[in-house]
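Both complexes shown next keep chain A, but they swap its partner, so chain B is in the first and chain C is in the second.
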Partner chain A sequence: MATIIAMEFKKMMRSRGMRAALLAGALIVVLQTGWSFRHIYLENEQSYRKIAEWTYGDPGYGRWFECTILEGWLGCESFSSYNMLYFLILPILAVMPYGLSFYNEWQSTYSAQIIVRCGRGKYLWAKYLATFISGGIAAALPLLLSLLLSACYLPAIPTDPVSLQTVLMDRSMWAFLYFEHPVCYALAYTGLDFVYGGLFACITMTAARWLRNRFGAAMLPVLLHCIGYYCIYNLLPETESYLFSLYLDPNQSWGMVGEISTGPVVLTTVLLAAAVTGIFIGSNRKRDVLTD
Partner chain B sequence: MNKKWIAWICAGILVLGLAGRIWYVNQNARLPEINRVPQGESAVWSGLKFQITHAELWDYEEFYKAYDAESHMFEGELSSEWDAKVIVLEFRIDRIEEEADTLNIVNPIVYVHTRNDTDTFLTAAINPNLQEGTFRSGETIRIPYTIFEFNIGRQNWKKVENMTMQYTVRLGNYPVRNEMLVTDIEKM
Partner chain C sequence: MEIELTNVTKTIKGADVLKNITYTFRGGCIYGVSGKNGCGKTMLMRIIAGLIYPSSGEIRINGKRLGKDISFPESIGLLIENPAFLPDYTGYENLKLLAKVQGGLSDADIRGVLQEVGLDPEDKRKFYKYSLGMRQRLGIAAAVMGRPQIILLDEPINAIDADGVEEIRGIIRGLIHEDRIILIACHDKEEMDYMADIVIPMSEGRILSETEEKG
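So, the complex of A and B:
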């Protein structure tokens, strides 16, 4: 089992899709960091230099705030459009590295060769694990890179609600971490996005069996994401806690979405993971390697 | 020395450089000096001396009935799903510096991780001396802050209802942050 897993991981890390996904993610991070450095950090520094000149009558008198690490982090910086762009294309980035690998291998009958050598169960689980991790890496690594770059010019101090530089409300999910331990919030949310990146890749891998069209299978997660965000939420707003489209973004829609909380998020994630895993393993357990 | 070693050394230098930079940024964060003022004591800000002389917590509807404050811009928006209350703080304000010619009463109240600004319309409605322009140094002003359950969630709302919520009025933030603690609140 270890050999086949190691082989799948090696293939996954060396795939062109992984390089392309990480490059695209890194590009967004670099552009966003440049933007926030110029428009958030330098603007705030400019205000800081004026503090001494302000007198009682000035509207900014005594009201200067130090920027915090989350204001420059791709996950929570919402003044530019990079956050929205990143979380819109996140399902595509997640699918790029290895989402279609299983489909390609099955079509080329490479799968048949591996199944004969190591057994179907081992191959399926190794493929599932590698695909899940590939999607997670593609989704989470840009967020970690952004956090690292943000930490290079913004301090990891608690977020002050008075500063009006916050994106969450007190009743938002993990608000305590957001306000008191911003780095922990960023890491916890990166973990959540890692899981969803993995699930997106696995959704594509599972659906490719029936869709037959590679492009259609690759686009399925982003389609589900958009359906959840733009369609289901508007038609049935009470389902908000169970729509991954709404809680993937650490901004949590600026805290305006009412009831996102840990319980429903965990429940949805576990059910989705169980469904995807079950369908993938179940549908491929007795699948004919040559004719199907 | 082979290429692998050079790559490891470069990576090590990069990691040390990043760690050093992050340490420097955090060591040099410009945090304000915090001045906590217990209720009843005074704090000086923008040339004025502020003292909280009384605090009371009202049910939303009761407050509007008592003050007949119909000019409030948010009135009527309260949904049946979420509750609201109004905390009214009475401030005595003294001018202590001649050049302080602005009555700066737009000071936020903070509880849990939420802020509320002064509602200027409502403040004017319940303070005739502000509306008529007769306010003088040494007089008191009653400043109401509307607290919405919607903002803080049901768990924290229980603290508001059983009077255990911690409130702080902020006067400025930098270089000195005055935090006026509101601890003695009368339930109306």
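So, the complex of A and C:
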């Protein structure tokens, strides 16, 4: 089992899709960092100096303008549109590296070569794991990179709750982390997005068989994401805690009707993961290796 | 070495692609399945490899029931229809990946089998740049690599040039062994008679009896 998993991981990391997804993610991060360095850091720095002058050199008055690491982070920066853009296309990035690998291998009968050498079960689980991790990496690495870049010019201090720079309210999910341990908040949320990146890739892998269309299958997660965001949320705003479209973004100022909280998020995530895993393994375990 | 098919029927979406097949393959010779396009040659190979499940009947490999006692044959190499490999890997890398999953093969073995089928192990071209015949040769290399006990070759000489055909025939004949069952499918009757020791005529999913064949 370890051999086939290692092989799938190697293939996944070497795939063109992985390179493309990481490149696209990095591009957004670099553009966003440039934007926030100029428009948040430098401008605030100027205001800060001016105020310090007015107040006869007492730097304490400038605290209102002090930027924190999370304000430069792609996950929480709310002044430019990069944050919205990133969390809109996250499902596409996640699917790019390996979401269609299983479908392609099955259609080309490459799967047959592997299955006669190690059996269906091992192949399916190795594929599932590699696909999950690939989506997770594509979704989470840009967020980590952005955090690192933000740390290069902004201090890792907690955001002042009354500073008006905050994108969370005291009742938001994981607010205690956000206000007390900002880096932990960023890492925890990146972890959640890793899981969803993985699930998106696995949704595409599972559904491709029935959709029989590579592009359609690749677009399915982003379509679900948009339907959740724009349709279900408008009709049933109270459900936001159960809608991944609403809680993927660490900038929790978008929703806020029904309060996102840990319980429903964990419940939705576990149920979704169980459903995707169950359908994928269940529908392929006794499946004839034939092109459909 | 023995593969025993008993009343094997396979129905796909209402169509019987294999009908009530009963046959026993034994090691030591080359079996050739012949018949018109669509008669079920490839399906027969798939079902022996455990890639598709019989709708009824059973397949036993050395007495062990496929799909019950074992989920796939313990030692098998196959080339089915168009050889499929990873497009972004070289021939050597492709075989190396398969060899890892298979286990028990050294780098030298992989180089050896590539040379045997007339491919250069040092060739840095990726599989997607391979010509049709080169793909076919790589497919044969993957099937015979490690000298498995069951070797299924579907149209092995497709797209192979004249010199190549001789080489491939030589390789296949060299594989004959008491403990090995070799099954090839080919729609070219002459080639089939030349290569196979025992020809199995198929038509519309059935194996024809001798009288049916003559008639």
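We take it that the second predicted complex is superposed on the first by the 274 of 292 C-alpha atoms of A that agree within 3 Å, B and C clash if a C-alpha of one lies under 4 Å from a C-alpha of the other, contacts with A are read in each partner's own complex, and residues count from 1 in each chain.
Following the convention adopted for this analysis, contacts are C-beta pairs under 8 Å (C-beta built on N, C-alpha and C of every residue); 3 or more make two chains touch, one makes a residue touch a chain.
Because the structure is predicted, anything quoted here is derived from the model rather than measured.
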{"item": "Partner chain in contact with A:179 - chain B first, chain C second, else both or neither", "value": "first"}
{"item": "Partner chain in contact with A:169 - chain B first, chain C second, else both or neither", "value": "first"}
{"item": "Touched partner set for A:30, first chain B, second chain C, both or neither", "value": "neither"}
{"item": "Which of chain B and chain C A:4 touches, first, second, both or neither", "value": "second"}
{"item": "Chain B versus chain C as contact partner of A:89, first or second or both or neither", "value": "neither"}
{"item": "Residues of chain A defined as touching chain B within the complex", "value": "48, 51, 55-57, 61-66, 148, 151-157, 160-163, 166, 169-171, 175-176, 178-179"}
{"item": "Contacting residues of chain A [partner chain C, same complex]", "value": "3-4, 7, 11, 14-16, 105, 108-110, 112-121, 286, 288-290"}
{"item": "Residue numbers on chain B that touch chain A, as the complex places them", "value": "18, 21-22, 25-26, 28-31, 45-47, 97, 99-102, 104, 108, 110, 112-115, 150-154, 156, 170-176"}
{"item": "Touching residues (chain side chain C, partner chain A) in the complex", "value": "12, 46, 49-53, 71-73, 76-78, 80-82, 84-86, 88, 97-98, 100-103, 142"}
